[in-house]
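Letters A, B, C, D, E and F name the chains as they come in the text, with residue numbers starting at 1 for each one.
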Amino acid sequence: MTFSHIDDTGAARMVDVGEKDVVRRTAVAAGFVGMSPETVGLLREKALPKGDVLNTARIAGVMAAKKTPELIPLCHGLDLTSVDVEFEVGEDRVGITATARASDRTGVEMEALTAVGVAALTVYDMCKAVDKGMTIEGIRLVEKTKESAPS
Amino acid sequence: MTFSHIDDTGAARMVDVGEKDVVRRTAVAAGFVGMSPETVGLLREKALPKGDVLNTARIAGVMAAKKTPELIPLCHGLDLTSVDVEFEVGEDRVGITATARASDRTGVEMEALTAVGVAALTVYDMCKAVDKGMTIEGIRLVEKTKESAPS
Amino acid sequence: MTFSHIDDTGAARMVDVGEKDVVRRTAVAAGFVGMSPETVGLLREKALPKGDVLNTARIAGVMAAKKTPELIPLCHGLDLTSVDVEFEVGEDRVGITATARASDRTGVEMEALTAVGVAALTVYDMCKAVDKGMTIEGIRLVEKTKESAPS
Amino acid sequence: MTFSHIDDTGAARMVDVGEKDVVRRTAVAAGFVGMSPETVGLLREKALPKGDVLNTARIAGVMAAKKTPELIPLCHGLDLTSVDVEFEVGEDRVGITATARASDRTGVEMEALTAVGVAALTVYDMCKAVDKGMTIEGIRLVEKTKESAPS
Amino acid sequence: MTFSHIDDTGAARMVDVGEKDVVRRTAVAAGFVGMSPETVGLLREKALPKGDVLNTARIAGVMAAKKTPELIPLCHGLDLTSVDVEFEVGEDRVGITATARASDRTGVEMEALTAVGVAALTVYDMCKAVDKGMTIEGIRLVEKTKESAPS
Amino acid sequence: MTFSHIDDTGAARMVDVGEKDVVRRTAVAAGFVGMSPETVGLLREKALPKGDVLNTARIAGVMAAKKTPELIPLCHGLDLTSVDVEFEVGEDRVGITATARASDRTGVEMEALTAVGVAALTVYDMCKAVDKGMTIEGIRLVEKTKESAPS
């Protein structure tokens, strides 16, 4: 067992995906921003009616997914066909789920995870004036699928 | 109590920091990537001797800190004077601590948090071939200070 | 009378602003997207209640203002202290006004104009499925001010 | 009739183009920068002989077309095969026409429109020292075509 | 004989590659940073054991290759499938070799050359505190190949 | 003697410049693209009259200088006040000189060197259809100055 991004001499490298088939691929990632119930209350009352806090975080997540190869040094550029970012406001948290799709040679999990991470940081940024104790938690891959044949 | 990034009509906005003093500011953020002890073992044996996994994640974190205003929609550009990213490899995790410093009108916590988030995503990317169950956890502000007088 | 960006030999250049004072500067720019009354109706009914079309365009405009020196070849990077983008939905148009503020050596009009331009392109992008005849018009500087003394 | 970028709940989204065919697509967009005849005269006399004002704006337009998915939040990355930006200097204006071509799943009109918009902003930037009354007008799609079969 | 990036009127343009086949393409470029034997000695003793100077330069080179169309105005975006950057520490120099691979319509030599150039600049940056006389030399294309048939 | 970008444990780091004075700083860098006399001849005849090859390279160099902290991992963002890129067409080469100026806490040599490097790569790109044997040579710092007192 070995790390795909480390070669025999221990040096970091970008994996060559040139021999892989172009197939449709999907990845779903999730995570959440933990916050006080008071912050959630304010968010529901002042920010959610118009939707701007969550839409701003959604746009940040979608734009970050497109920037993944610029942020994660050894990621390939991907032909993303869609990115969705959804929120679920709980009692003491804002849950975030991102779905990324591509027709390409390699998986899109880093795009979905990056969308969740940057959407979470944006929620944090927009709520930090009222809550100093927020944390970003549970960022993980939920599902990863690909079509069996080249499209 | 109100959100600084939402104006009276509920619209998202960038806060005007023009009246604030330029002072030296520091923020420390932390978080970790949870992984199996086997992955940690491989990381110690194959990747840590040469340091490339963690150095790649460090570079990604530093570069992401510099990109914060490009990633977080309502963040200001800051005059960053330094960014440090450090790792602590535990039994079932890689801990990440980032320190950002600036001489500017507004705090640098988003830069430190973004460095942690992107360093964590990079560790995830480099280990994902051997561990499908990693999670990114506990991203939070640890400390935020500023000098009392303009420098 | 001469072009500041063209030197004596006719070559393009970036003006040296090193001798100018750092003062607070503001610029306001405006423009509009002309569209059919039917599109305006749909926008009011389906997209405005939640605000996502206009908030997405607002975020795009703010982020573009921060990218101005990356887009306009001979523009200086500026220490932007705030950017605001506002919309006014008329009978056959969406009006856009952007205000940019900076404490720097040179004016912020290009930042305000770029915010208007990219917000307009984003409105166009989000409405183009229902209206093939939109035009972007009247992008201009409305006001430009600076404080008389260094701040 | 509905907005493709707004889902059933009113949230902004990136349209999934994964099922569309990869075909050759072309879009032509146009617009102009209105300016005083005196500015046009200076442009002809001092800047046009060497071509630097217009070539700088051309380069800015081409580079902006490549940045479209970074600027327009819900645009897909496209496999651009060419971008051309042309100018026509009139009596009281500089006309701009941009042609973008791609082999991809979705149209290239936003790339052509973005090239025109940023080329216009660059002309504005380079002439603003001599003309305070310029406006950017008439940015619109002129033509959009695609091949009928996948290439 | 003529320049592909200059049209009949002498204007700069991006070549239309839409009619070219998508085939696998490889380019290898090289260059070196000349430095004093003392700097090489320090590099071997203090920086090479852990590998951070060269790994930082490697990461910078890989990331720059992905940014080539953003840096070189008339370059097309390419579907890069891998980028490798390798170093050879000589007596008075650090040699750099970069290999770029893509499945696309046009060659990848600019990506390989850009990787070498930015890796060299990064080595320079990291060693400049101890050596004021370094030079970057011999950046050139070493090899360029493509498969004969579409993949 | 030690590397400023490597800490005591051998890890890469961004130097903290927070204690340094903001003074006016200038750096001049140079380099050249070696090419065949035939290519120089074509460049003079077909491309130089209108200036587009060299202006395109100049614009690429200026824009790259502004991107230096994005390209060179441990570079600070600088408050650039001007960047100039000049060319001298010789018998078998195009010489490039870049001058960068800033009012900041740290030197601007990486900005000047990056401008030269990317301008050279752009000349290479625009001439590569007619000359397969070009090399980029002699990229070095020519001069670096700073004012003695804070401005």
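Here, contacts are C-beta pairs under 8 Å (C-beta built on N, C-alpha and C of every residue); 3 or more make two chains touch, one makes a residue touch a chain.
It should be emphasised that the depicted structure is a prediction, and the values quoted were computed from it without experimental measurement.
Where touching is counted per the definition, the chains common to chain C and chain D are A, F.
For the self-contact between chain B and chain C, the two sides draw on mostly distinct residue numbers; the shared fraction is below half. Ranking all chains by how far their C-alpha centres lie from the centre of chain B, first place goes to D. Chain centres computed from CA atoms place E at the largest separation from chain C. Rounded to whole angstrom, the centroid-to-centroid distance between chain B and chain D, based on C-alpha atoms, equals 36 Å.
Note: centroid distance chain D to chain E, computed from Cα atoms, is 30 Å.
Centre-to-centre separation of chain D and chain F, using mean CA positions: 29 Å. Contacts with at least two other chains are made by residues 10-12, 50-52, 55-56, 59-60, 63, 67, 70, 73-74, 77, 79 of chain D. By the document's touch criterion, interfaces exist between A-B, A-C, A-D, A-E, B-C, B-E, B-F, C-D, C-F, D-E, D-F, E-F.
Here chain D touches chain E in the complex through residues 24, 51, 55, 58-59, 62-63, 66-67, 77, 79-84, 86, 101-103, going by the rule given at the top. The residues of chain B lying in touch with chain C in their complex are 10-18, 69-70, 73-74, 76-77, 79, 105.
Interface residues of chain A facing chain B in the complex, by the touch rule stated above, are 1-6, 9-12, 31, 42-43, 46-47, 49-50, 52-53, 55-56, 59-60, 63-64, 67, 70-75, 109-110, 113-114, 117-118, 120-122, 124-130, 132-141.
For chain A in complex with chain C, the residues that touch the partner chain are 50-52, 55-56, 59-60, 63.
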